[in-house]
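Structures given as structure tokens follow.
Here chain A shows up in two complexes: once beside chain B, once beside chain C.
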Partner chain A sequence: MATATDNDNEGPLTRWVQSAIQNPEKVYRALFYVAMVFFLVTTLFPFYWLLVLAVTPSGRLLSGSFLPTIDLFGVSATFPLPVPKGFNPAAFVSVFEQVPFHLYMLNSFALAVTTTVIVIVVASLAGYVFGRLRFPGRAVLMLGILAVSYFPPAAFVIPLFQVFAGNAPITIPFTDFPLFTPPRLLNTPGSMVLPFSALFMPLSIFILTTFYGQIPDGLEDAARVEGTTRLGALFRVIMPLSAPGVATAAVLTFIAVYNEYFFSSIMATSTEAAKWSPIVGGILSYQTQYTTQYNLMAAASIVGVLPVVILVIVAQERIVSGLTSGALKE
Partner chain B sequence: MSAETGRESRRSGVLVDAMRWMENLSDTQYAYLLLIPVFVLLGVVALYPLLRTFELSLYATSLDLTSRGFVGIDNYVQLFTGGKNRFLPGGTTFLPQNLSLDAMLNSALVVTIIFAVVSVAFETLIGLGQALILDQDFYGRRWIRAAIIIPWAVPIVIQGMIFFLMFNSNVGFATPPLADLGLLAPTNTLNDTASATFIIIVADIWKTSAFMALLILAGLQSIDRGLYDVAKVAGASKWQQFKLITFPLILPTIGVAVLFRSVQAMRIYGIIDTVSSCTVVPSLSCMVVATFNTRVGTSAAIAFVTAAIIGAAVMGLIVWQGEDAI
Partner chain C sequence: MAKLKLEHVTKRYDDQGETVTAVDDMNLDIDHGEFICFVGPSGCGKSTTMETVAGLTIPTEGKVYIGDRDVTNLPPKDRGIAMVFQNIALFPHMDVYDNISFGLRLRDYPTDEIDRRVERAADIVQLEGMLGRMPEEMSGGQRQRVAIARAIVREPDVFLMDEPLANLDAKLKVHMRTELQRLHKELDTTIIYVTHDQEEAMTLSDRIAVLNSGSLQQIAPPLTCYNEPDNLFVAGFIGSPSMNFVEGTVESDAIVTKNFSLAFDPASVDGVGVGDSVTIGIRPEDIYPGGLRGEIADHSALIDARTDILEPMGDEIFAYMLLGEGETSMSQEQASSDQLLVSIDPDSDITEDEDVQVVIDRGNVHLFDTASGEALTHTLEAAWSGDEVTESEAESDD
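Up next, the complex of A and B:
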């Protein structure tokens, strides 16, 4: 009986190996599918783990293992995938009751949208200049803007924090000459939107430079002959014609702001939603106040990640083209 | 004609003057006029803070502007000779005290470099694998690509939460199996420097490989497909095609992507702050944040050293790539 099973198992395998040796194409195909499944599992598994935690009833979180012991043909073995201990989706409601998580998400949205609008307008002007005008100093200026995008946020944060605290007048660096005393911006959108705009602008400038540079001169000239002003030609002709480029820059800026951690955690000094703390503060407040409510942390993470997942699925063409054109241009 | 003049006159005179003035500028003047918003924004949020950070790093710590003690490069000297180590949280040192692994992982500079080198190396390998898969034509390619990109778009705080929940001592299921293999400390995993560094590197690889994959994919897709036809006719195997055509042609792209990612990796902060803590895994950015409220001079010196290291890497990129880097 045992030999029969062995033969049955060996039969197809031997046949497959035989045909693979004759046709190596088959091996590459198999390797390809194995690798694809491997990458799919590794990228998506963490989300599955969040889901497992989120639907596990809070009472059963700490008892027993998430890796159940199963009976494998008489031998007990540990199942290699975590499975939920029970099912209770109430965590997705509690998330909003324990902490006003929707307010944190609204804050994040407001910050991301404001930054995106500022970046698109200012980067459009710069993209027009770099993409369509020839003037002395162009290469040096582009290099300077590129350099800004490489500096670490840590190199900017100390003076910015002091300025946004609004305690002392701003002086010209290396002198004591006071310029003016800034308003207190900590815990307001300004203290986050300003650094975000500067940090994420270079990428948008490079993307828009590429796209605006591709619009034929004739179209702009035609608009000018029709009586449009120079600025009008940019906003009424060149920008609409480069809509995919503008969308790319906007999507990437939005995601970058939504995902930002450094300034979001430092410039919002408290984790209260009323003080403009974005999702960083929201998710971390489950960690400090409700240390044992791991299911809520997981549920909040799932809720917080949904907007970007939807954005990636809807706008993946734009993201791919933007990241590759923008980053490789840089 | 009369309608035209009527509309013109209804506009405010200043606006018309401004428009006319703008129309008559030369290309160069117009270019610099449109760049003013960029200059203002980058000047206020990037250039001024950078200069000011450098200035602060030259002064002793007293914050109040009345008694500023100019100490020159003393903060930097102390940083590199160990005099500043007592201000760093959690017994962290700036440079390693000796060459043991513990001392290395306790040094802010070395931990940052280890993190950058190891994570970027793995991201490049995995990214290359993902890119080779996405370069194929197959049914459902769009969905696979979306799935592979999604980790890149996950907010850092949620990325941190995922790995915190995976390795946390109460609910984390992943610690026991990995501890059995000897990769992680079995208890108090997230407060163990070596284990936490390992977990943070894995978390970064999970999130950023996709970014690497997209950059490499762009390089792959710019390869002339005709080369493969020629190779097939010449009887080259798939492996030979990869070794002799694909790899040499995407090598420059990989080089740019590696340097680009290394620069970003040197900034590591958020994932450390969420998964573990800055006292356990002391990166350079961590040290800046941990000290900037109390020891401004020290903090500014660390920040400027971080910027200088990154600046040197970027200079290397620009010199190496020449004009193409722009």
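Up next, the complex of A and C:
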């Protein structure tokens, strides 16, 4: 109801508010940029900080400030971003000299790949069943599987450690009746891959169930008539068509295991590469009783994170290409 | 290349505690090289029957034989069948060549043999030069042809086609229909074809199997289904537009309906007695304007009617006629005793809301038992000596 004259009399704030109400897109766009910048800063700053630490020579790590004072036309001010105190790229080499860090990376990589393969194969079978077959009790069973992922992993550590230690036979609960004596799995990949697979399985099953459930029945029928079994149809038709889902489940599992420390720090009884200690175990090896080489720990962290960065970039392309190639048409 | 036999095939589903019978005691004997159409309304069990043949559904009871083999419990891949699906079901992640050769590659055929067969199949369905395309780059008709090529490349014993033309536009449908006929001639393979389109069934098949609510109503050559339907359902389903049904009662010398009567001798047809409720079935083309009655050997008495709606089709006009005090019927079925659908010569100058007289060709009147729906006779010609003809000729002498 405001006339043009009224408008002229109103202050700049009122005019700005009115223009925002009339053009909400402008506000949304502004908020989008604010949110983007916020997330970029919070995710990228830690990496930058690691880089600063890694290239700073170890002698200067604890002396002085990372925030240099700069002289701005006679006015001295503190530069708002930390900068390295010196330049020592050799840290990225000594990372491998002091500790066989590549072996720790290999451990993590091997554990992650093995777990991912197991999870994708088993979760595919489960996803096929939950996504494409109708049977009584399906919902309850699915809920039960998801419930596994709601447990804190720590709840499983003590019983699992006892089992994997292989010292005493497993007995029937509340009795002394022995069932079997498990093999000693501590310090082997088995003691880590098994619990990882179990813990990360529910999420993958959930993702794959959703994807496999969306593949039209006709395609599976066609594959079966053409000469595959149900399993063959799953691996030849349903899985390739669900590539984005499979990639998502695989990447999530891989990253989760690659970054895992809690279980492996317990199942590997010391931080030695030969005992299948993972990357974090390697990073902690730069810390001794008397010294902590923060620059090497930072450099190792950066090196350790590189494979995941590469994987995500590659997989993301796959996921995006899977999504943009259009909704699935028969 | 084989016979196909269904023996007492029954399929029941358990739907939330309720048992649904999709296919009820189906018995079929199909000869080598026959083109059989399963027709019926949605949910009549025709697709389920086909799935039991394909092996995608295992029947609850009964046996399926292909050739001399009992294939009831064999998986689809071991049955020697190929199938074309309603939604075409090409593998979207494979190009045309890979789609067509999928079955051959699974069976480890040598590469040159696969190449040769794919080339030939592509040749038959006229897809030369498109082997490198992806399904999404093709039109509906082309995809359909890829699906057919994928089916014929394996040289199966039995072809199953589940409404393969349902998703195509009308023009393409007619074209593909001709292609399928040519293909059948060329391949000489047993083909089972599911459709809800009775026109497709009429034009394509050697025999039509009409299904309703899970049971077989009639299996016969198309013209037999058309001219001698076994029961009310087949009579109403086959033919477009469908048959007029008028309910009446048998009296000693005629069948009397609400608005007209047809001379009839109950003794001439087995199983008909005075007082029985019968349904008269008359196809639109067997009703003529009264002026043409001289051309019909055995016609009924003149029936007063009033035209309601006219549907000019070009080669004929479908005229909905109201009998007696009849109101326009809103019901889908023509079972209304007050309405007749008549096919008229397009040159006649008939208008809407015009009082006319029509006659029925008694030689093509079908009689059904109203209670059971079973056909009693497909002509009244033999059922009457001809007295009535003289009578009505006397009328027309003016």
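The working rule: the second predicted complex is superposed on the first by the 264 of 330 C-alpha atoms of A that agree within 3 Å, B and C clash if a C-alpha of one lies under 4 Å from a C-alpha of the other, contacts with A are read in each partner's own complex, and residues count from 1 in each chain.
In the analysis below, a contact is a pair of C-beta atoms (placed from the backbone, for glycine too) under 8 Å apart; a residue touches a chain by one contact, two chains touch by 3 or more.
Just so it is clear, the structure is predicted and the values come from calculations on it, not from any experiment.
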Partners on chain A (chain B, chain C) - clash or fit: fit
Partner chain(s) touched by A:Thr229 [first = chain B, second = chain C, both, neither]: both
Touched partner set for A:Pro100, first chain B, second chain C, both or neither: neither
Partner chain in contact with A:Val122 - chain B first, chain C second, else both or neither: first
First, second, both or neither for A:Ile279, with chain B first and chain C second: first
Chain A residues touched by each partner, larger count belonging to chain B or chain C: B
First, second, both or neither for A:Leu219, with chain B first and chain C second: second
Which of chain B and chain C A:Pro152 touches, first, second, both or neither: first
Partner chain in contact with A:Pro240 - chain B first, chain C second, else both or neither: second
Partner chain(s) touched by A:Arg134 [first = chain B, second = chain C, both, neither]: first
Three-chain overlay, closest Cα atoms of chain B and chain C, distance in Å: 6
Footprint overlap on chain A, comparing chain B with chain C: 229, 328, 330
Chain B-touching residues of chain A, taken from the complex the two chains share: 24, 28, 32, 35-36, 39-40, 42-44, 46-47, 49-50, 53, 61-62, 65-67, 78, 82, 121-123, 125-126, 128-129, 133-136, 138-139, 141-143, 145-148, 150-161, 163, 168, 170-171, 173-174, 176, 194-195, 197-199, 201, 205, 229-231, 255, 258-262, 265-266, 279-280, 283-284, 287, 292, 294, 297-298, 300-301, 304-305, 308-309, 311-313, 316, 319-320, 323-325, 327-328, 330
List of chain A residues in touch with chain C within their complex: 216, 218-219, 221-229, 232, 237, 240-241, 326, 328-330
Of chain C, residues touching chain A in the complex: 54-56, 75-77, 81-83, 85-93, 102-103, 106-107, 135-136, 150, 154, 160
Chain B residues within the chain A interface of the complex: 19, 22-23, 27-28, 30-32, 34-35, 37-38, 41-42, 44-56, 65, 126, 129-130, 133, 136, 142, 144-151, 153-158, 161-166, 168, 170-171, 173, 176-177, 206, 210-211, 214-215, 217-219, 237-238, 253, 256-257, 260, 263, 266-267, 269-271, 273-274, 284-285, 288-289, 292, 296, 299-300, 302-304, 306-307, 310-311, 314, 318, 325-326
